[in-house]
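There are two complexes below, and they share chain A, which is joined by chain B in the first and by chain C in the second.
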Partner chain A sequence: MLEFRKDIFADERDDNLHEIGQPTQRQDMLGHVTGTSPYYDDHRFGNLLHLKILRSPHAHARIRSIDDSAAARAPGVKRIIRAADVPVNLNTLLSLIQFGKDDEPSLAADVVRYKGEPILGIVATSERAALEAMALVRISYDQLPAVFDVEEALKPGAPSVNATYPKNTFEYYNKYDHQKLRYGDVEAGFAQADVVFEDRYQMSPIEHAPTETNGSIAVPDTNGRFIVYTSTQALFFSLDTSAKINAVPSNQLHFIGGTVGGGFGGKVDTLTEPLSILAARLVGAPVRYRFSRHEEMQFGSPRGGERIYVKDGIMRDGRIIARSVRAYFDSGAYTRLSSYAVVKCAAHIPGPYTIPNVSGDVYCVFTNRTPATAMRGFGVTALDFALECQMDKGATAIGMDPLEYRILNAYRDGDMKAHRREAKNTALIECAQVAAEKANWPLREEFRRMSSRKGEGTARPGIAPDRSRAPAVPAPARAPAAAPQRISYERPTPAALPPRPAPPAPPPRSAPLPPATAPAGSTHGAPRFSSVFGTRRR
Partner chain B sequence: MKTPIQFLLNGEEVATFVESGANLLDTLREAVGDLSVKGGCWQGTCGTCTVLVDGSPRLSCLTLAESCAGRAIETTAGLRRGPDLHPLQSAFMERFAAQCGYCTPGMLMAAKALLDKNPNPTRENVVDAISGNVCRCTGYEPIINAVLDAAGGNSRRA
Partner chain C sequence: MAKHRGRGVATINYPIGMNLGGDPSQALVHSNPTGKFTVALSSIDLGQGMKSVTRQICAETLGVPVEDVYVDTADSDTGPHCMGSFASRGTHRVGNAVMVAAREARAVMMEAAAEELEVDPGDLETDGKGSIRVKGAPHRSISVRDVAIAAQFRQGKTISGRGIFLVPLSDVDPETGEMSPATCYAHACLIAEVEVDDETGDVAVLKMTSAYEIGRALNPRLVEQQLVGGAWMGMSHALYETPEPYYPDPREGPRDFNEYLMPGPGDICPHDIVVLERPAPDGPYGAKGPGEMCANPVLPAVANAIFNAVGVRINDLPITPEKVLRALKTRSGAQPARAR
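Moving on to the complex of A and B:
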């Protein structure tokens, strides 16, 4: 059951709310439960043709020759679409906002750079006829060395994947091979720290696997324009991308979408519309280009794999005084949106903590894998996983409660972040306090009284670690800076720990124990904070 | 060469011609025009295309159309009686048991097959009944609750 804390922002809120706090029926729900919601493939055209794409069986190969003559004569085939038929056969999605260079063909002309890359389109009267014709196409390849690992791809002599970015890294501002963050002196921080430890974190690519696969139907309109029914998550993005690739003004395309059978980021890449439109233009009839499940898995872009190294230098009193992060994003063979994910990652370093010495190096790396794309917080998700694992390890290393360790290092209003922006409207401490309260997780009094507001609550410095929580094994000795000691992370077994003090009884709702600094009426110490109502608390 | 077949679709007689090897999914959507049936994988793994054949849940993408001659087929399009929603449909609405909505028709039919045979299922029965249906918005809990709600209505009516 949802609980609404009306004590929060009590003096700021207008409780005359009509929507928030009560269930509201979705406008599309009736369509969903009656099977009448109009997904792109629920539009019917009498003379619909079908586009199927012949894809590369190799991760990296030069195309020596293509013989599609038998396929062109096969029953039901209306048209073969080759790379030369694509008006603008090189694009990058974010070129619409002038970010990055065109690097990806709609149909590969000379080299294929990942398994599943489109080479040839066959338009036929049925999917089956198109697939049967596809079996008649003869392509000969010269296989090229491929690279599948982000760090291998950056080594000298690694196979060059992407012709636009021969060094296998995306170029920022036409100049930099990665996103770089420097704040303070991270090496000096490590030299000063009582404990220094580094670890490696990794996330595999993840396929969105929407139950409705990517697809679109392009239909010649009566006025020379094309109506495009599509599964896209990004209607205008797809419209402009399709207009660019087809070299037509965007007002020649009328996109109809909005009913998407699951996207999760996997339907922003405009994977089908440019070619279904091109096919409809070439044959003058409605054309559907629908991914099979296999195509969705092999060719539909996944969340990219990431490898992240995090090194922390911490003091025995719990302060993190240095953190360096090195991250490699596997963009696959082309850029799509990974360049942007890298920017997000760099902007997220070092997490929501105030650390005086920070360095970050984040690379968008090209490999011969399926190009990656957006998925639910991409750029930040895996980094947060790495950083929060690292926080637990740090707390364990010095024998501190992991929540108190986070509260101690959490950024406060007015703190300078590693990006030289002042932290504003921070609330991590209050979140942690409320979470601890809900979970009956004992926090020491000074941590319960800490506040995100500058000059309120218990100040950050001078917090002694709670020795009663120290692991039975002594924390590792301070390592010399030149050879930072690498400690392995082992969660202390409950038996190895001295018994926890009994958690304090949760404060009764009716008679809350207000922290010294909390605004009157607050049970949790959260300061007033509202940007929704336009009242900044600073 | 096309073959004529007849079957009952949601209680109505339907006749059409199918290519040999045509599956029930394509036949319902393309030949008969029942677009409430959705295709998700076309290889029998996701449950999205579930319909009832003589009361049993079937993956229409793997069911030969010709094998359905003379049988009674039920789809989501036939759940509603005029303006009145089927109790499962109402419960799905009230319980917020659909997000993108694409797995919903298959879920509804899998649930209907269960409730038709077992009007008072346990939670475990419901989980088992929809275990072949993938919801990638991962809204399984609301779906299970909706089916149990609909079944609760059954017992109240009984």
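Moving on to the complex of A and C:
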């Protein structure tokens, strides 16, 4: 059941709209429910060929020799694709936005760095013919020591996973092996805190588990162009990546996406398009490269398994005065997008709370496993798990209600965040209040009356003006005397900040509506909506 | 041996769009000669409703009924550049680009209508039903269809618009991490109620109650499908899934859905959702984007509820019956906290 609380923030909204806010049926619904929405694999070609990939059985090994002569002569085989056939056989996804160095081959040339790494492509008249030919390929390997644990990978003497980043960490700003976040003086904060505690959180990798596995069909078009039907989540991202790897001008490629059978972040990596295009170019016929379910589960990039250490320093009155976070993102053997998630994670520290002393150290670590990639909540899901479990432990440690503890420390409009930007347009407190009311979770009156907005509701309570207990903030960031009941942090002087881009113009608004008649703290009269039951008024 | 109930909570926020910005999207809007509009995008509809949301934004901005707008996606020859459907950016970035394009097209449409009605364009308004009329004199009106015909065949005007939306790329200070990660944030609080069997270690999620602040719910049905589906994914992440059950040891990975455990329909619990709308100053009609965030609060809320139920903290996901039983054994059995 979905319901709205239109009474909250009503003065900030123009609700006098025609189409916005309507539960309009989706444009593609008829196609979906009648099974006629076209997926990439619904396109049919009489002369379609099939590409299957021979993958490494070892987590880390040097390829000594490859003998594919018997496979090349096998029935139905049209072409073997080797590393030397790939025009630009080293790429990193974010090279399109100039972030990171090329580190991942499309087909491994000399070393395989994870179990499942592509080595050889076989183009045949059927998937079965390709798989039967694959069984005839002979590869000899020298196995190398492998490392699977992020902290083991950082120890001296650990096996080096990625030739581009031999120390097993992504390089930030040509300078650091991790992303830093520094705000206030976290050690001084811990020294002043009544309670200090640290814990370790370990996320599990997750499979995106899309109904439709990754895949694409590349079709030679007239005039030297290729049409590519694809399951990608990011059409031009995949097009530009494919053009780079194939060393063709981007306008030789015509990408057609369409309905995607589930993405969740697992269809950004452009895992199939570069090789299906290369195969179509080499054989001059349409080629399909689609993952089997086994490939999707084990060799399509998963969500990585992050390890996070969180240390909090809190006061008996409930204030968190220091938080440090050390996080390791398991990128697998190559970068893909984990380097980006690390920065996003650092930006998210310390969560939606106002804490005067914060430090963060976030690492993108290479290990000998399937490269990880984006998944719903990339860079944030893991940190939220760690921080919100930590919040629960903090509340328990000082005997406070865990929801009141969150409301007390919640960031509000005008607070300074650890990445040194002012909090605006915040609504954490209101979400907590509304959820508590809905779930009959008792909150004390002063917590029910707090507000995210400046000059509204009750100030943060319980903060005695005890100077010896003042938060350890740098001298210029002392709480102003005029607001002793509110933890407040002065911002860095404007000169210390880079010029901020002007925000885009807000959408046009007509006169604000009169305040909703529903009394605050009650859902009476709130419009309710459910796609099952429709809109009704309680 | 008993089943113990407990409740846990999590509060979160989520940044909208790619971290640091620098992720543009474009849109083209044009009318056919009889006043029906097409939005051309290269953006991808993953099932999240990209087509539907941009269609409503375009119709609202043009001032025409939603049936008169069709959104064409995912073609690199006809759709202008879009960074992609990820990072909770579709509604915010693409929606803004469509809004800019629709405003430009609307301006031409109003000029053409003004010429037909022989008034100043500033004196005209759309009725949202397919007509353009003189403010205060609704009997003086013209249909969008007639305006499009006149623009195309008599006035030689193209009722079309181009739009792009870009949050400029932020620098990052290597020493302090100072940066502008996002221009707006969505918010949520979720309370999970679980039942833990101290004999089997099995955890059942009985109920979820949540409040989401998402700027503006452009389409409540699409919001509901995201929040309900995302909560299921979060519950699955918390209690069931992993392709590496002995992580970081890579042994014994599942190969298909027979070996990869996910909750089935019988494991899904009732979920009461309340939506709050605090418009983002730079969002299309204030919208932020509920896409990614809705899995996030479920994981810690479930872990915290387990603690509330039986007194054990499981810090490693997924929280399998084996982990719960081992933790209970270490603590010599369930020690429920104060009931909530």
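The working rule: the second predicted complex is superposed on the first by the 442 of 538 C-alpha atoms of A that agree within 3 Å, B and C clash if a C-alpha of one lies under 4 Å from a C-alpha of the other, contacts with A are read in each partner's own complex, and residues count from 1 in each chain.
As a working rule, a contact is a pair of C-beta atoms (placed from the backbone, for glycine too) under 8 Å apart; a residue touches a chain by one contact, two chains touch by 3 or more.
This one's a predicted model, so the numbers in the text were calculated from it and none came from an experiment.
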> In the superposed model on chain A, is it clash or fit for chain B and chain C?
Replying inline: fit
> Looking at the overlay, what does A:260 touch: chain B (first), chain C (second), both, or neither?
Replying inline: both
>> I'd like to know which partner A:293 touches here: chain B for first, chain C for second, both or neither.
In response: both
>> Tell me the contact category for A:302 with respect to chain B and chain C: first, second, both or neither.
In response: second
> More residues of chain A are touched by which chain, chain B or chain C?
Replying inline: C
> Touch check for A:30: first (chain B), second (chain C), both, or neither?
Replying inline: first
>> For A:318 in the superposed arrangement: first (chain B), second (chain C), both or neither?
In response: neither
>> With both complexes superposed on chain A, which partner does A:42 reach: first (chain B), second (chain C), both or neither?
In response: first
> Taking the superposition as given, does A:430 touch the first partner, chain B, the second, chain C, both, or neither?
Replying inline: second
> For A:209, is the partner it touches chain B (first), chain C (second), both, or none of the two (neither)?
Replying inline: both
> How far apart, in whole Å, are the nearest Cα atoms of chain B and chain C in the superposition?
Replying inline: 5
>> Shared contact residues on chain A, chain B side and chain C side combined as an intersection?
In response: 23, 25-26, 28, 209, 259-264, 293
> Which of the residues in chain B come into contact with chain A in the complex?
Replying inline: 33, 35-43, 45-46, 48, 75-77, 79-80, 85, 89, 92-93, 96, 98-105, 108, 134-137
> Mind pulling up the chain A residues that touch chain B in the complex?
Replying inline: 23, 25-26, 28-37, 39, 41-42, 44, 208-213, 259-264, 292-293
